[in-house]
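Quick one: structure below, then a few questions.
Letters are used for the chains, namely A, B, C, D and E, taken in the order the chains are written, and counting of residues starts over at 1 for each.
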Amino acid sequence: MSRLGVFVCHCGENIGRTVDCAAVAAAAARFPGVVHSVDYKYMCSDPGQSMIKKAIADLKLTGVVVAACSPRMHERTFRSAAAQAGLNPYLLEMANVREHCSWVHADRAAATAKAVELVRLMVEKTRRDRALRPVRVPVEPTAMVVGGGIAGIQAALDIAAGGKKVVLVESGPSIGGHMARLSETFPTLDCSQCILTPRMVEAASHPNIRLMTYAEVAAVEGFVGNFEVTVRRKARFVDPDKCTGCGDCWNRCPQKRIPSEFDAGLGARRAIYVPFPQAVPNKPVIDAERCTMLKQGKCGLCAKVCPRGAVDFKDRDRLEKVKVGAVVLATGFELWDHASYGEYGGGRLADVIDGFAFERLASASGPTGGAIKRPSDGAEPKTVVFIQCCGSRDEKKGLPYCSKICCMYTAKHAMLYRHKVHDGEATVFYMDIRATGKGYEEFVRRAIDNDGARYVRGRVSRVYRRQDGRLVVKGADTLAGRPVTVLADMVVLADAVRPRRGSERLAQLFGVGYDQHGFYSEAHPKLRPVETAAAGVFLAGACQAPKDIPDAVAQASAAAAKTLGLFSQPQLEREPVIARVNRNLCSHCRSCVHTCPYGAVKDFEVKDRAGSVLKVVAEVNEGLCQGCGTCVAVCRSHCIDLDGFTDEQIHAQIAALEAA
Amino acid sequence: MSPTPSLREDAARLLREGRVKLVIGYRAHAGGGQGPAVPEGACRAPLAGGGGRRPAFIEEAHRAGELVFDGACSQNLAAYLKKPEVRARMPLAIVASEAVGRSLVSLAAESQFAQGALLALAFRGERYEGVKEVEELAALAREAAPEPRRDPDIGRRLAELAAWPAQRRAEWWSARFSRCTRCYACRAACPGCYCQRCVTERNVPQWVSTAALGHGNYAWNMIRAFHQAGRCTLCGACASACPQGLPLMLLNTFLAAQAAEQFDVEAGLDPAAKPLIGTWDPEDDNSFFT
Amino acid sequence: MSQAGAPRITAFVCNWCTYAGADLAGTSRLQYAPEVRIVKLPCTGRISPLFILKAFEGGADAVLVSGCHPGDCHYTSGNYHARRRWGLLRKLLDLTGIDSRRLQFSWISAAEGQKFADLINDLTAKVREAGPFAGANPARKRLAPAPEEAQGPRRES
Amino acid sequence: MNGNIYQPVEMRIERAKDEAPEVRTLRLAFAHAPDREAFFRRYRVGMFGLYGVPGEGESTFCVASPPGRDYIECTFRRAGRVTAALLDREVGHPVTFRGPYGNHFPIESWRGKDLLFVAGGIGLPPLRSVIWNILDRRAEFGRVAVVYGARTVADLVYKDELAGWAGRSDVELVTTVDPGGETPDWKGRVGFVPTVLKEMPAAAPGAAALVCGPPIMIRLSLPVLSGLGFRPTAIYSTLENRMKCGVGKCGRCNVGGVYVCKDGPVFTLEEIQRLPQADL
Amino acid sequence: MKSLSADRLQDLAAALSAAGYRVVAPVEADGVVRFAPWSPGAAIRTDAVPVNSLKDVFFPPSEAIGRWRRSGDGFDAIETRPEAPKTAALAARPCDVAALAMLDAVFNWDFRDSFYDARRAATVVAALACSEADEECFCTSVGGRPDAAPGADALLRPADGGRTLIVEPLTDQGRDLAAAASGVLQDGAAAPDAPPEVRRRFDIGRVGAWLAGNFDSPLWKELSLPCLGCAACAYACPACHCFDIQDESGPNGVVRLRNWDACGLGLFTLHASGHNPRPDQASRWRQRVMHKLAYAPERFKVAACTGCGRCGRVCPRGMSLADTAERIAAAAAPAAGPAAGVPA
């Protein structure tokens, strides 16, 4: 039976000034189920809390309503006081008579009347409160990091350094990501590989990190602390345990003309290959689409020359299940395909290249050994036009957002170009310069002032090839207010940054939200920028939004910190606001299954003792349920209910508001 | 040509071959029973009680000869799928007019029967189309109704109602709902009303009063209609079943039109459809929010 | 209870945005009409159509449903689910005589204390202008548990 | 009284005792003396009543206390809205009551005869009124034996009274719990009621057996009782069908043509066997 | 002999209304003819059997049978009296009137239901003899007649080919009614019309005999298969009287309502434990038929079916008690063939 205590707080004068607290307490004393009702100056003070605790103990209260400030302020305080007195903390509720009443109404009579009703509402709710226990789930202290770029590597290293195991899943043959392809990095012009490769090696050799390259996430089950991720390990056709990475195979492979993805198509690779010389692991894979042995059963040269017999043409994709407690998604980005910009040649002009191609041209380890040569004929371009915002900030044909990194890397490109081709002319077309990082603005100024890059504010309307092979770049100088035409030997487009293809599918597997462009959604744009709606799934790097290296690395470390925080307890404790299905009454229409934002509602087979299925009903996974109650509201027979906000409670509250 | 011989043959064959345990169809009913009189303009389908046709439950091949089909076969047999007695006899076959077919497609989308548990002896108009799986029924339904079919008379009456002040609408509906006795014939006749326990029969808490009084009748009729939003195939079974001739099709048609207009949803055409209430689109109408 | 003739407004609000927005109205000491009664839910997605029907049945002169702005839902999509529900329900109720003006929907974030206060004031004014709903409310429970002559002094105040 | 047969009388909770998980006994005093007098004029053991909380409804239970008191008691388990509301009431709170209704055990015909009570779990309350009625007039009856079992020790109701009966020389009490339901300090038997029942002495001439409990217990106990020599006309039980009115109008308690609320709730096995079994 | 021109029924109603009666009669709303309070100007429809029955006048779908006012943790009972205005029920059919015997019996067999009784006492029933019988009518099979209404206070008998209604008072109350309406009644002879032929017919004795021994017959399952488990038949039935009791709360107190209920609804007998003695539609349909044709005759010496045929008219699936009785009669007939061969 309910034996409720009501405690009305004056909050000094804050409530008492406009609400007659004694009158509220007196009115509450007459509410059904209330056995004790008092008012006091400061309920949250030690004496106030003691008063509550004493009443709980002495009067054997079964529930408590504290009429005071917003529960956002002191619900935790009072609930822990209740718990100390031996009352289940979820049997205490707060009536908000300060923020929602005394502070917003001046009329004492009206405010007091309202306060009485607010208390009444919470009394009716509390009478129907049930003792709840926080949900506890065990945590598997192993993390999975999806994506082996710099963000993924950093997250993995930080988690590993924290003493927890990490599985690093990379879809390509090597970790390293886009950063491995860069020549130098802004604004310091460090050699990208020089700073990255030690990290790659460290990741590969760290005892807490297990690399799974050439692998993809195929399926996800479970929930925070208890994910079971099925990883598809793509067939490499080379046994990495036997392979020493000697290179005999790829040097002998007759397929020599395959455009290298790593080199943006400017260089070539073989059918059996490592994507780049510093690859980690430095073990080749066979490109099944290009290998004549796999395609037509002819050749097999690599197998013949391998001194270790590591080549295995019978290799197949394998599925491996990995149990992890947390996941960091660091799937990175790719460049928007400028083929839809017909006015820039639509991808058909060989000397109109993207930023990565320029990076490879400028890289000492690139196909030209660091010499800037234009793709069409290998000549050194004497005039290069850089066009910013290619696809970015273009709602009509491209993408509405700013890709953030292009201003900086274009400045870097112009600078590198001028360093390598001293008599070359670099012209940059831009909309605005957004150089907001540390040392960034100075860097851009250096490109202009020291390295002589010509910055033209305006859009390029057209790029086309003249008979003689030179490119005509027509644009407008909006500052000068006149059209501009530049004859160029090469054009570099700063293509927009967009999420990797297939990132939506991965998000769906993990229950992570994503925006219309495919960038993963953080749980809160300000305060939870690393978390996602899926508990235990964190974000790092450009999969969330365009980011430069320091931002990506910082977020990766943040994701690692979140992961380590999660792993710091053997069990997770969660608010017990959980939806529950009444199996007897469920008709299995599956509305709730479709509705749940967390994929927490699944089919459940009710079986008899012999194991045969009697019926299928919906069931809520406690680990996944976040307690929004949306499933409850779509259930037509109301056979789902939400602990903490039950139908009975809400019904009683609405009934308490009935007009006389 | 009468479709009946091939219908009977197929039914008999399915039973003989053991592909189904039961065929639900229509049989002729000799004496009596025109069903309730059809009130003029009361938004009820004619032949409410089934006219000269009655449901037939055939379990033996030799009885397939009882099956008939014609325009008088207006009862929505899909409603029988909620009876445990019928569900226990799956796999089964149902003689499916277009209306029944759409109900079956809708029920399939709501996982109310397992794959392979149900075959349709499908009709388009009075033309027999043969034994169909649910996907084929859906294709048939899409083909038969490329455009949503709406009763123009109901449209006119809705427009008339819309032009009235709210209070007059309230009075008009209250007068009608006041006749409701809560016999739940509407619910019983509707294939989509298959909840194991109807919300009006949940008493902890009692959201919907079971009293046949103004408030209970309003809440009941609202929630019945709303629970059909995006699901109702406008078969008219509920309205035909209502002994009091309540204009339930006004509510159903209105909501179906809203579902189509706002969310581009037409029930009963896609066995893989996701529920209208239970999905969302960022572009859903936001104009009524301040 | 409220003063005689004062409109009764029942508000169903989510915990994360609108409840917090109302808190902010409080901490900002914004004054608004005192007739609103808030029933707190975790999310607008939790609000069943029956809550609204029940509130009108109990004599609410207006019902307010308010939650996080689209895209800001604490549970990612509860408010989107809710919006779709209301898009249909409000039309149905309007058709049957519950004027849309008496069923208000809004998105109010935790930062919009001013918006909350303004909305309550606007809604209260609107409902006052429309007058008591009782007579025209088709959902209203009309039972006489305590006949007038039998109402004694012990009647709950 | 205004002649409204559905108008309950007001009772006040005098005592509330938790018997087992979610099982409680309420002792109710009549708020108005004429109601008490009217009740006890008609009350015989075996009759039932409708206990209610206005706003939640009424629920049907037997009257678990004997005549000759100035209160009535009922024992019930939380099952739905009304029982939950009754559980929510405190000592001193009012509840409502209608009754007594139905027939009663033919206790006068048992004078000088032996009586065997067989109960399981929450089935003891209907027999408790009889047992106390017999004990109040102990000298008028022959041997009294009670076999009472529950799933677990915690599920046994009236634990204090059981202890009292166990201490009486004129009552033979056997308590038992299902295997696995015993506690370390459990002194009673372990085993199902029908099994324990087998060890009871054979029926003396004219002896009656009263059985109440879960259907499965009753079903398995009946052959044992037959084996002990009880005839179907000497075995009694009560039926507890769903009721709303309690006075033969609402139409839902009937088994075949028998209205449990008027023709019952007390039936002999012989009468029960004549009912359409599928309707039970 | 007093009579009335058939087209002056409204005048009769108006006269009674003027004499202080609340008049209830078959009137039309939205194309549905119902027994409902008559208001001036409304046509009284004698050409259709109302979709609801006379029962509604005495036993409405919902009524308050108890009231309490709350006070803290307690409540004070408020005396609840039936609303029983002086009423004249016009043009009720003989089959509706016949059902009053069943209702009178069940509401008074031991405990007397003051709500029913008060309205019964306050109501004068002027029956209308039938001039036609449709395919659902079967009163003659269950002891009724289309042209006699024992239990009514007055009978309106069609005469002169339906142009005239002869007013035959049968009780003092009927005479009072005739007196109150004397202004619209005329003197003079009229030739009563011949009663209509009720073509539908089965042997109730044979049905009763079969029922007595066939509680467990497989026929129940077959007969009940088309039933969807609503209460349309029960609520239309003039003799069905089952009800539920539900409390409703308001801010001031509680009203205890008696609402119609029906044995065809799945929750009717569901125990709180989850056990349901009638777990399927077969057992529910059996209960309905048994109650009407076996239990009621046994307990009350009157069948709870008067052959009005409403069940068949309202059933969404066209089932009817007559269909079932005919099937049973055929199954009971020694000479008849297998059950399946019976024309249904």
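What we mean here is this: a residue touches a chain if its C-beta (ideal position, glycine included) is under 8 Å from a C-beta of that chain, and two chains touch if they have at least 3 such contacts.
Keep in mind it's a predicted model, so treat the numbers as computed, not measured.
For the pair subunit A and subunit B, chains touching both partners: C, D, E.
Looking at subunit C and subunit E, the chains that touch each of them are A, B.
Of all chains, the one whose mean C-alpha position sits at the greatest distance from that of subunit D is A.
Centres computed as Cα averages put subunit B at a distance of 30 Å from subunit E.
Inter-chain spacing, taken between the CA centroids of subunit A and subunit C, is 36 Å. As a whole-number value, the distance joining the C-alpha centres of subunit C and subunit D reads 49 Å. Across the assembly, subunit C contributes 48-50, 54, 58, 77, 81, 85, 141, 143, 156 as residues in contact with two or more other chains. Residue positions of subunit D touching 2 or more other chains: 80, 89-90. Those residues of subunit E in touch with two or more other chains are numbered 68, 70, 73, 244, 246, 248-254.
Chain pairs recorded as touching, per the definition above, are A-B, A-C, A-D, A-E, B-C, B-D, B-E, C-E, D-E.
Put simply, subunit E touches subunit B in their complex at residues 29-34, 48, 51-52, 61-62, 134-136, 199-200, 221-222, 225-226, 228-232, 234-236, 244, 246, 248, 257, 259-260, 262, 265, 267, 280-282, 309, 312-318, 320, 322-323, 340, 343-344.
Looking at the complex, you find that subunit D touches subunit A at residues 16, 87-90. For subunit C in complex with subunit B, the touching residues are 48-50, 53-54, 57, 70-71, 77, 80-81, 83-100, 104-107, 119, 136-143. Across the complex, subunit D meets subunit B through its residues 80-81, 84. Those residues of subunit A that touch subunit D in the complex are listed here as 1-3, 33, 35, 127.
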